[in-house]
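By written order: A, B and C. Residues from 1 in each chain.
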Amino acid sequence: MSGRIDARLAQLAVELPAPPVPVAAYVPYVQTGNLVFISGQVSFLGDDDSSAGKVGADLTPEQGQQAARNSALNSLAHLKNACGGDLDRVKRCVGLRIYVASAPDFTGQPAVGNGASELVVEIFGDAGKHSRAAVGVTALPLNCAVEVESVWEID
Amino acid sequence: MSGRIDARLAQLAVELPAPPVPVAAYVPYVQTGNLVFISGQVSFLGDDDSSAGKVGADLTPEQGQQAARNSALNSLAHLKNACGGDLDRVKRCVGLRIYVASAPDFTGQPAVGNGASELVVEIFGDAGKHSRAAVGVTALPLNCAVEVESVWEID
Amino acid sequence: MSGRIDARLAQLAVELPAPPVPVAAYVPYVQTGNLVFISGQVSFLGDDDSSAGKVGADLTPEQGQQAARNSALNSLAHLKNACGGDLDRVKRCVGLRIYVASAPDFTGQPAVGNGASELVVEIFGDAGKHSRAAVGVTALPLNCAVEVESVWEID
């Protein structure tokens, strides 16, 4: 059964990015007990900063959804490191917190957040079903459209 | 002593709503160890979406406070499910995070948040005393005025 | 080795403020297991409310960084109480969440947050290395520029 999640990633044609280097004075994750707290991840994948701007103004909701998926991918890259490379150790996605840089009248954060949520459930199945909050904020680091924080239980 | 919190709810004439169905691809709560993480809850009670808009523009601070109370009620409805129906199992409200959709110059988030905080303390007494953050955000899902996330310790 | 962190504070000439009284119906911190959740701390130090306004409009990024440092100092004052006065009991800073009241086009939240992050690492060394999220919000309680929430592991 080893490599179960790696096999699932291959089946979904999901490739994890190189884990992004923190843009400031913090670390990508901290484990305490069997909980892993992953730092907020921006929606840029490597050099690709096309998911810049605010949803509802510069980006469509669909582009926002893609940005949320990017943030989840960056989160999973760090989670894999937290698991010593073995994502089969993930017992549960405890929670995702999804910050969406939003135009003042944009209230479609739930659909945007699904770009992250659906990816996590596709990959982990029942273990990927998580609690969540999605909120619309004024601006995010580096002008990215979405930032995702997450908490995971691993064994 | 069974039904202690149910009796307290009756004494306060507080009726818990039907737990709202998540508006996107997530679950209402996740338990890990003896901690329950409850998803962000909007301030609408069932079909009543009168708590829409931004505090300091569309809603008064008092209406915002009522909206925060609604979000807490929705949270408690899920918490009851997480406890298998028995709220006496609640050991502590660990924390509330209160997002207030705010006009740009509205800085009264603490009083708004009290609509949630005071309800929790009224119901649970010392076990309801919680850590908290209250912040003003640009916009919230479905245009609700307040969203509340929470963490609870249960036995 | 007792007083190791107190000695480090003295070496850095860092003086912890009196722990601020919560501005609403909550408590400064809650411990569950060996985790301490500290309430969101504003960036005012005692009566000094000079860190009011929004970064990128009323305050420069450098002033925002100082505001974040203030919020961290207030957090540490409560943490010390949570540890019964002995900061040597801190095992790890699990996470900081940094809310920056931001002008609509201000995206320098990471550098602002470093005002808090760097202080924590200076004081606690490796134990101070934390996960983090920094986001730009519309407005914060009392019009403060920065609010910091934190989670700590203690023994």
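By definition in this document, a contact is a pair of C-beta atoms (placed from the backbone, for glycine too) under 8 Å apart; a residue touches a chain by one contact, two chains touch by 3 or more.
Model, not experiment: these values are computed from the prediction.
Novice: Rounded to a multiple of 5, how large is the rotation, in degrees, that superposes the C-alpha trace of subunit B on subunit C?
Specialist: When the C-alpha atoms are superposed, subunit B turns by 120 degrees onto subunit C.
Novice: What's the call on subunit A versus subunit B, same or different interface residues, using the half cut on shared numbers?
Specialist: Mostly different residues.
Novice: Express in whole angstrom the distance between the two chain centres, defined as the mean CA positions of subunit A and subunit B.
Specialist: 25
Novice: Where in subunit A do residues touch two or more of the other chains?
Specialist: 33, 97, 137-138
Novice: Under the definition above, what is the set of subunit A residues touching subunit C in their complex?
Specialist: Of all residues in subunit A, those touching subunit C are 22-30, 32-33, 37-40, 97, 99, 101, 137-143, 147, 149.
Novice: For the complex, which residues does subunit C have touching subunit A?
Specialist: The touching residues are 33-35, 92-97, 102-111, 113-114, 117-118, 121, 129-138, 151, 153.
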